[in-house]
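One chain, chain A, links the two complexes that follow: it is found with chain B in the first and with chain C in the second.
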Partner chain A sequence: MTALRRAGRSPRLPSPLLTAAAALVAAACALPLAYLLVRAASGGSAAWSVLARPQTAETVARTVALVTAVTLGATTVGGTLAWLVERTDLPLRRMWAVAAALPLAIPSYVAALALLATLGPGGALSRAVPGAGAVDITGFPGAGLALILSTYPYVYLLTAAALRRADPALEEAARGLGRSVRAVLFRVTLPLARPALGAGALLAALYALSDFGVVSLMRFDALTRVIFQQYRTLFDRTPAAVLGLVLVVLTVIVLVLEARARGRAASRAASTASRPAPPQALGRWRPVAVAFCAVVVGLALVLPLGVLGFWTLRGAAGAGLSAEVVTPAVNSLAVSLGAGAVATVAALPVALLVVRDPRALTRGLERLAYAANALPGVVIALALVFFAARYAGAVYGTLAVLMFAYLVRFLPQALSGARTALLAVSPQLEEVARALGRGPRSAFAAVTLPLAAPGLLAGAAIVFLSTMKELPATLLLRPIGFDTLATEVWTATSVSAYSRAAPAALLLVAVAAPIVLHLTARPDRHSRRGAEGLGAG
Partner chain B sequence: MTRSAPLALLALVLAGAGCGGAGGGGEDDARRLTLYSGRSEELVGPLYDRFERATGIQVEARYGDSGELAATIGEEGTGSPAEAFFSQDAGALGAVAAGGRLEPLPPELLRRVDARFRDPEGRWMGVSGRARVVAYDTRKLRPAELPDTIFAFTDPRWRGRMGLAPTNASFQAFVSAMRLAVGDERTRAWLEGIARNRPVLLENNIQTLEAIARGEIEVGFVNHYYMYELRQERPDLPVDNHFTRPGDPGSLVNVSGIGLLEDSPEARRFAEFLLDVEGQRYFATDTDEYPLIPGVRPDEALRPLAEIQGPDVRLGQLGAKLPSTVELIREAGLTP
Partner chain C sequence: MSVCLRGVAKAFGTTEAVREVDLDIGRGELFTVLGPSGCGKTTLLRLVAGFERPSAGEVRVGDRLVAADGAWIPPERRRIGMVFQDYALFPHLSVERNVAFGLSRRERRREGRGGAAPKARAALELVGLQHKAERLPHELSGGERQRVALARALAPEPELVLLDEPFSSLDATLRADLRREVELILREAEATAVLVTHDQEEALSLADRLAVMRAGRVVQTGAPEEVYARPADRWAAGFLGEVNVVSGVRRGDRAVETWLGSFDARGVAAGVGGASAAAGSVHVAVRPEHLALRVDRLGNAEIVDREFRGHDVLYRLRHEVGGTVLVQLSSLELFEVGERVHVRPARAAVASVVD
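And then the complex of A and B:
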């Protein structure tokens, strides 16, 4: 078997072609980076004095603190929810499974607005409860909470999927050997879920690094907010570019840390679950678990929907509702579907290369793809403005450039999905197909692709959702007159017309919700089809 | 199939999207104007509709923050599709002009507005005026309790009661004007005094008014017309405008303005329309701003422009001051 694998490795996947495809994708992602270097270099030594300011160090420290808190918070919340839903006798498991994932349909700036409307200065709480006037969630607590509520679903979905796929036999064996619930959780379940937890934590960290809407609403001077303000006020793009490079360095550090933590977990799981795991009894912890789920879902889902509903009703009672959200809704759907497809297709060669041929070079390619993604949308957008208007005038101002921006921004999400999916497929299955006479492409298409399909689809769905909610790049790069739901919400909130913004935001959530529901659906059907494909070979 | 298909598909999708997006470019019958609009669709969209009806020229407006659009024009270089730039403030126009991108405006058009409100070299001109005001909470303060100069707000009795938006272009323009009016040292002392009073730092004018409305602060330094805008959403808004005395930097009159990147007939027609009676009336009645041409009167509820006066500065001078003003605000500790 070992001999077969070794012999099979390179001829099965002719590396040059695959590497070329992956390099092309990575090069596309490197454009914003190239832009930052061009800008920073054009400014001379004065631009670099930005780095020597004490305020810059403070800004970096604040950003690191926020990203750390959000990553830990999102991983803890998302991981706990996944375990409760997939492995315990939590009451109403199916309901929680859906409710815990649904906040993915809510843009993070809407989550932040809802928190401010209730827990902000002069919010509903301080008005309703005398003595609570000092309640003020702005700054670090508000930014951290809003970002945790917006990013934990990534961790939850990836981890829950991993737990569903994992063979329960291992945990049963551990229990059979007399291990406690706790020991099984920490010694068996957690290691099984580690790649998924890591991938989710990485997404949460990157999201927190690149988010602009939440930190600006919460008035927290993270790096993105400072960069954005530099762009907006100084017109001299050089200091902002230097700070953008600082952000890239932070991203690379996150990636290196994640790779270290991932460690040897990168070895592929040899099996796919054939049956669901029997639930563990929570016993006296059941009320605590239910309360935990209720608080998370309440803050992340019920609160934003409630606030949006309130604003919509207030608007309906006042000026009446506008029906002009149909075209933006169709536009949002179209570009989001396109972005999901493009990003997934582009992620496949990179993920294949990383999973099957993990050399330093391929790792570098993968990291490049990630590093570009942490840049705030406005930097990516300006980079594409720079290159497209100067060197590709024919496509500038068309949807092509916008799709390209989505690809650069959200490739890592597709990549995470693809990598996790491919890791879970044992290469031995494909080897068997090869041994039975299939060609390399045919074996991949008949065996690996169907088995990885649920993971790839999940990645595509996450890209779809992110695109629905994306704002800065859409604003700068959309064709003139091309409105999406997100830009409609922005246009209305920028003049504080919340009651006009709320219907578009609700529609945005309504369009995104079915995709989230699809993500929580059990992928049994796909696994079977994968097995059938193998049988046919 | 495995390796080439993704790339082929990618190319196909991008090509398809490209065709779809570029499809509109073929029709040459209609006259068009590509406009970068730093003013929001909510406020000026109806005005562009009127322009289309009056002239038959179709406006393709790209909406965005004025500063972002100025940065976009800079990055687009000569490939920029923009023909005209309608900016929220003079600073962004000054930056585009400094990049050598604005065509000179016709002298007969420039003459319609006071020299205070346009570029001395004639590359951009004001379209509508807005005054800086001290917005205050009508539940907690009476007009008589408010000082008649902006310099009084460094007094410790205002500690923790103020709000301002230090990164907002109109705040920066106001600080630049203060430097021109009273010199750098007094301005620096004022900024440091304000910083010592621990103001709540906000993103923009609207947020500042909302902070007053929800009781977080009692006074805020903003442009005058946001109050009217918010009242449309909330008629019971407990906020009113207070003007400092004539000549005080606290009541600077600033403008939104127009600059042309291409000297096309459509672009010139658009600039003329904004500065015609119909365009100017729109700003007087629909956005509660000050019209800038003689003969069109502002809304009666507004204090007349002649009474406000503001500091004696030319807006064309503010652009060059901007970088050092931003630095001054940062050194005072109001921005990171």
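And then the complex of A and C:
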């Protein structure tokens, strides 16, 4: 009887081959963090002395201050914009709705470039106005402002989508119960939007924590910049590894804080609105609201585009339109297309496993793959530099390592795309195909794959976009002489060569804009994935 | 093709979805598995289809052993047609390509009139949808989708068709029409069909024979009339429709004397009743329509409630001996609430010993 009771493997369970492929991908993703731990631990007492240095505490304090300021700023700006657009009689709401999301197409270091070119030392303002020579936005204000302008769209998109989904009857019921407009805003609308605000705040915080481009251009010594400098200037790599781990710890703290704050709130946003909410009259506050929107969109969108346009034209007038930008553009396109394809192919087995066989083991694999998402690019790049130099000298400094870094960093984006796409395909369809005589592989190819293709492509597009914008890993891992649009913008801006930086930056924005527009056009379906997916700086 | 299950069990972790099921389904039969949701009926169907592997026991389809310890034929080689509850049409393929999906490459390539594979065309004609061949599934109505799903299952000419709650996503008016239509199509195709449902009316009206399932076990199998009139136990009696359970005493081997009168209780299916058959006191299940009423000022019951249902009426009576009694009559003649009546077994009334 026991022999009879031996449960056969259900035909729905994935093959061992699939499991092995998924495990391999997950292991690859965990490699950098694991190696960083080993590397720091082998530093021994030297590692401890790095931690004990007063500069380390100062750097951490600076970083925490920046992250706090950016999170608060982005949440306030993004949340206010979402409320104005979704719940009030703000003039030109549709236009503001699109314009408020569009800065997603502008990498944060390009936003920093725009601020530097106008308000930086030797920028447009100090040259145009004689008395303003002392204007200098570098440091904390510049870094904070550039990061807020780059991250508020995440909060805006998530909150706007949540407000759109929230049933306006709730707010009407509160009015009917005798509450004032203000009371409804604070006691009903805000709590409804809280999960979305929280998710947006988390994205903003992680972005600010892991950002390298802005803080390096603004010469603000946050952890990422210090790590980069330590790595570049010191022969001993232990300090960089130890500081990298500190960055990881801060990331984990942010994640834990967010999970705590979210609590049970996430389930509240489940209601769906059957009709749009009637707009709230702004009354005499209308001009103030319009001015607010104009300032935000002006700084986040119009200023960068204006600065880029100005410097591109000026550069083109000086020397013929730079052939210098062609090679980086080709390089960027090539690695981004490659990363999009590689990440999507790698994500497929993991997503398939998670969707088809949601056991604890497979969920663990998935978490492992996602863990890398929170790892700052600097940390991933650093770990891979150490690892490749030590164990894989042959590939050190080649495109292979760079592609691997992109894979680790952006796999979660491809994964969430693949997962959503596969979840939308009912397993029954594949079963029907099986019953109609197709083998498992043929059933997958004839039914599931074509149906999941649009979602897989969307995931690939997000990885493509993220790779185009990626800066720190590219800087650290690129082969010698291999320039991309991102490195070109960063290098040129570092030396205030704006006319060289502008065409490359403009190209980046031009490539990103249609993808961002597409992903935000149907905000309810895409915003969460889109907003999370677009985060890379 | 016949289907034969012997001692089939299926456990998911610690939950036993199907326990020790034996079933014999004859060639060409329209067989229904009826049970409440969660009783394991869908799992049973999936075991036959090959989407699940039994934890124990064996499944035979025709003369082939398709699942047993050490034997396994995957679903794609079982030649079984399957129709799912929400049809599971391939949304990216036209109606015709959906229907042609199960045909061999050679069959698909052979073009008949209108450019379609002859077998696909024939299946579409069978369900009367040849004029919608180029449509995509989302352009069809619920009933049409259902028929496409059926055509797709029938196109490869399987000898066995499995249908999982095929009518439950349709609205009530459409359901009855389509039920008859599907029955005719299945009979015309001369396929053995196994249909799973939780709807008593559907099971009783469609099936040649049916099996009643509860908590993973088959409680009773038989022809619809038989299962309805002579349920094997109290639960099955209640699940198949309204029922009065009354106490009584056996008189000989065919009659039971109760406070409602004497009932024919022959041929009772095996069960709890069988064991205590010899002993005097039993409970029997009597359907409400097996009772008759007559106005009688000195009668044994009083009408306390009347539920008018159009073609029939359900009366709730307070009986002077046994408490509440349900009686179902045609709506031809109406009794009033509060009226004193005499209740007795109708002509040809039968009852079933349930414990």
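The rule is short, and it goes like this: the second predicted complex is superposed on the first by the 318 of 537 C-alpha atoms of A that agree within 3 Å, B and C clash if a C-alpha of one lies under 4 Å from a C-alpha of the other, contacts with A are read in each partner's own complex, and residues count from 1 in each chain.
Here is the rule we use: a residue touches a chain if its C-beta (ideal position, glycine included) is under 8 Å from a C-beta of that chain, and two chains touch if they have at least 3 such contacts.
For clarity, every value in this text was computed on a predicted model and none was experimentally measured.
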Contacts of A:451 with chain B and chain C, given as first, second, both or neither: second
Comparison of chain B and chain C by chain A residues contacted: B
Chain B versus chain C as contact partner of A:439, first or second or both or neither: second
First (chain B), second (chain C), both or neither touched by A:396: first
First (chain B), second (chain C), both or neither touched by A:231: first
Touching partner for A:426 - first (chain B), second (chain C), both, neither: second
Common interface positions of chain A, toward chain B and toward chain C: 440
Interface residues, chain A side, partner chain C - complex: 1, 3-12, 426, 428-429, 431-440, 443, 446-447, 450-451
Chain B partner contacts - residues on chain A that touch it in the complex: 14, 17-18, 21, 24, 55, 58-59, 120-123, 133, 216, 219, 221, 226, 229, 231-237, 338, 341-342, 345-346, 348-349, 378, 382, 385-386, 389-390, 393-400, 402-404, 440-441, 444-445, 449, 475-476, 479-481, 491-492, 494-499
In the complex, chain C residues that touch chain A: 9, 11, 49-57, 69, 72, 74-82, 84, 86, 88, 90-92, 101-102, 104, 152-153, 156
Touching residues (chain side chain B, partner chain A) in the complex: 1-7, 9-10, 13-15, 17-18, 20-22, 24, 34, 40-43, 60-65, 67-68, 70-72, 74-77, 79-81, 92, 95, 167, 169, 172, 201-203, 206, 210-211, 213-216, 229-230, 233, 322-323, 326, 330, 335-336
